[in-house]
Amino acid sequence: MNNRNKLYLSGIIPPLVTPLLGKNEIDLAGLRNLIEHVIAGGVHGIFILGTTGEGPSLSTKVKQKAVKCACDAVNSRIPVLVGISDTSFQESIDLAVYAADCGADAVVLAPPYYFPSGQPELIEYLRHIAPRLPLPLILYNMPLMTKVDIAVETLCRAAEIKNVIGLKDSSGNMIRFHEYLTAMQNNTEFSLLMGPEELLAEAVMFGASGGIAGGANIWPELYVSLFDAAAVGDVVNVRLLQEKVFKLRKIYACGRFASSGIKGIKSALAILNICSDFMAEPFHAFHKPEREQVKKILSEINLIS
Amino acid sequence: MNNRNKLYLSGIIPPLVTPLLGKNEIDLAGLRNLIEHVIAGGVHGIFILGTTGEGPSLSTKVKQKAVKCACDAVNSRIPVLVGISDTSFQESIDLAVYAADCGADAVVLAPPYYFPSGQPELIEYLRHIAPRLPLPLILYNMPLMTKVDIAVETLCRAAEIKNVIGLKDSSGNMIRFHEYLTAMQNNTEFSLLMGPEELLAEAVMFGASGGIAGGANIWPELYVSLFDAAAVGDVVNVRLLQEKVFKLRKIYACGRFASSGIKGIKSALAILNICSDFMAEPFHAFHKPEREQVKKILSEINLIS
Amino acid sequence: MNNRNKLYLSGIIPPLVTPLLGKNEIDLAGLRNLIEHVIAGGVHGIFILGTTGEGPSLSTKVKQKAVKCACDAVNSRIPVLVGISDTSFQESIDLAVYAADCGADAVVLAPPYYFPSGQPELIEYLRHIAPRLPLPLILYNMPLMTKVDIAVETLCRAAEIKNVIGLKDSSGNMIRFHEYLTAMQNNTEFSLLMGPEELLAEAVMFGASGGIAGGANIWPELYVSLFDAAAVGDVVNVRLLQEKVFKLRKIYACGRFASSGIKGIKSALAILNICSDFMAEPFHAFHKPEREQVKKILSEINLIS
Amino acid sequence: MNNRNKLYLSGIIPPLVTPLLGKNEIDLAGLRNLIEHVIAGGVHGIFILGTTGEGPSLSTKVKQKAVKCACDAVNSRIPVLVGISDTSFQESIDLAVYAADCGADAVVLAPPYYFPSGQPELIEYLRHIAPRLPLPLILYNMPLMTKVDIAVETLCRAAEIKNVIGLKDSSGNMIRFHEYLTAMQNNTEFSLLMGPEELLAEAVMFGASGGIAGGANIWPELYVSLFDAAAVGDVVNVRLLQEKVFKLRKIYACGRFASSGIKGIKSALAILNICSDFMAEPFHAFHKPEREQVKKILSEINLIS
């Protein structure tokens, strides 16, 4: 069992989709393809079973298969982060133990997402669960899904827990991200990771250690280059690269509803022959009209001809 | 396996709390006590593993134990409804199959509560999952937790699915409940059940078949009497009884945060020596000051001396 | 100047639309027609310049003309309530003084609706403004527009202010309306008035003194009958009459957007030849397709043949 | 009358508070002091009667006095922008005409803030009002107050209206601000101005023409320097200066409620002997404890000793 408490995460860590063949059946070949695709693109880690990975929609068995497959496929080339968010305390722990056994490097945990907790309840929960996890822990702020927004004060207290090593912020609230950065500026071992790729560059320019950019499933090199430019404060290149990001992200708006982003990524990956676009319930793959839009966008950014 | 498709639910069906002895350990004796307590109070069914039952916070094992224990203890005296809401399609089905095997009478299902679905996605999901469930299905509208509000049109379409027999509405939106009632008024086999006990009486006066009143864990007779008075349009008695409901529900406001209601019920049940007040993570039982407030309220409504 | 501090309001008090001929021109003949129409229908008062009256959209001059015209036309047959909600303290007072001079009976005031106030700020504001108003004051809870929800505790404190005589609640939150009723149950001089007509009957059955039903612009008799049935607890008749209310209110859903309700009422009144359907900016009258829908609904409820 | 249709705004344009001596009495000397203070600090324009200026809380008379005083005091040294947001179409126009007569350079207009409009309603409203305004028009996106969020598509259409010359975005939604930037990137005459000062630097680095920073009331030089550093992509200096911004903005959090920001600025200005801290209703100046906190923060950033 991996029981390191420390790990500094930086760079681009794509939140991988979970390729599926059916409602309860993983596409293992597709997952391996995807991993090779992003490693070839220069990413600095992978994050599986997050929101983009449809983690909460998968059965325990499918989650375990994804963890095992990803750890084996990566084979220690880059860190593997495993999403263990669950409404059940015990199920989160069980998956973390399994992930450690498979050789994963860290776990990522959002607040339990059925009942919204108050901030004192949340910090108590974190103090209870963290010591039971055999891996370093990255907090995951995702208020749109969890209905709980991690307060700056809560982050400060959580950062004092031994194996809490970072925070991924997917709130899209850039003002508060600056507050996180300010609060953590003297804690150089703590990783602050930006969720939304639209804010990756500025987050990094102001001190974030990296980003969990969904678009890096599709075009990992672009996000790695953007990270590199931002890390050295090269504003001119940042703006050029970010223009491409804003072209690519039109893929996420091809459907209606909150699910459109994940459907768009899976659709693009299927078009690129990387993996299946099958979606876990309650969602279903794009139909032809949306798929044609995705194709058009991929063509505009020269990922297909 | 119970494969009836039809069941008409009416009256008071308390959403039972799940008594616990520890983070992952059920209080079986407490659950049996609670069941006898509510049956003695005249309730017309029980609903386990719902929101009040902390269903989403429990591990699969604890859920199974709760289902088995409840079915055995009830022993067919009244219908047993089992909450199977989950973010994973497969886990919901697996629990429904287990519940049917134990002899439960129906399952209750809220929309998957991590990713919010659009209404067309929701209806597609329901059409996929319903035929895989071996029991009659009651829909559960709980937008505060699921971020999805079941539209009137969606209810109409869902009611056409073979084994969908009812809806529990916990939105607290009384205007829309009237719309549900209007939409279903010619479907006399369909059960519309009111969640919030504050709206039980008027819901029943306008045609609801019953209510899933949390307070009936504590004082089942009160809610049964209120239902009876409302069912015959006895407005005078309804108002007298409802005054008591509004006194009892002060218990739910002893704590802060959304969890205060369940903590209050468990605290009251512990004071009444019915079961433990241990809470599943991420929550924790009331401390002494809140518990003293609960005692005071129980005393004011003459449930303790 | 009318300086009574007390007035008990009960029954149906329609929130009159403000008939207009142009962007900044009132339809005085239409307003007089409308007033005769609702008085003939048996209403117990009128409320002008509220939300349905597009009060906030009108210039000071148009508001003054509406007040003068309404007071003259009513000629003391029934109480006239004047909406004075404004973001400016002084403008609210000035309109109240004008209304008193014209012979109005009471003013209706929502919290200032640009900056949302905290509850302590709100109570302080009410304590400052109430003594400057020459008429009895009805509070107006309209959180959808004002972003401030009047707490039960705030209502209790406000009710202690000398000339505060009632509350109109347009929140649609029936649970909290029961809390208002409970809090005010020993204050028999205080009027609690329900805004949404869908909740009028149950509000009255549980102790509200009346309702500000928008549909009473169109069909005042229906709402007066519904009030009468509810006031005596005649549940059977309440349900029959309420069915008609739910048919009429389809008129409010003919358009998209929050403005659809007012547009629907004005459209219906124009079809009934009572007044113009011109809307104040930023809104504009229904176009033909929506107007045809309104006609169809009016025909279904036999208001036109 | 100034009837230029074009004006390119860039740099720091503080949203001035409106100094008051009483509920309906402006502090003209204080306003003149404040204007000299910010001009001495190098700002590129001023914006009066906005949110920070408590515009909606002031009577028409006080607004007119503020406009006259500001135009006279500035005396064409820098552009004067006047907030004309109102729920009444006519009142907005009347104030714009008055502002033009006084020599103001542009008007700033948020959507009418009582009834929320749909996007098509909003664009229709803008097409109606813009030609009636005698000055260039800057749109003002302030969804927290107006409940309407200006969509990218709406901005594109509005930018085609002759005298619409810019947008101030106070939503705090940085992702959407990037979308605005992308949509307007070929319209080099259009000014995109960032509201929240926390996002000023990155907005400018990515192409915004300036910012309406509230803190520039207090310390104009800081924001001017930050703008200058951002405009040339000097990330190192941006970060140093932004640290100071984040220290200053603690002033806004000394109180509770949404009003805390404006109270904080007025309190700081009173401590700096620039103007009175009297607040328009429904708000009231900080009491001693909050004022002491403001002093402490001013001292920490060396604005007082």
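Letters are used for the chains, namely A, B, C and D, taken in the order the chains are written, and counting of residues starts over at 1 for each.
One rule holds in what follows: contacts are C-beta pairs under 8 Å (C-beta built on N, C-alpha and C of every residue); 3 or more make two chains touch, one makes a residue touch a chain.
This is a predicted model, so every value here is computed, not measured.
Note on connectivity: the fewest steps through touching chains from chain A to chain C is 2.
Residue numbering shows that chain A and chain B use the same positions for more than half of their mutual interface.
Between chain C and chain D, the superposing rotation on Cα atoms measures out at 180°, rounded to the nearest 5. At the far end from chain A, in terms of centres built from Cα atoms, lies C. Distance between chain centres (mean CA atoms), chain A to chain D: 37 Å. In this assembly, the C-alpha centroid of chain B lies 50 Å from the C-alpha centroid of chain D.
With touch defined as above, chain A holds no residue shared between interfaces to two or more other chains.
Here, these are the chain pairs in contact: A-B, A-D, B-C, C-D. Within the complex, the chain D residues that touch chain A are 172-175, 178-179, 182, 196, 198-199, 202, 205-207, 233, 235-236, 239, 242-243, 246. Within the complex formed with chain C, the residues of chain D that make contact are 23-24, 51, 54, 56-62, 87-91, 94, 111-118, 121-122, 124-125, 128-129, 145, 147, 256-259, 280-284.
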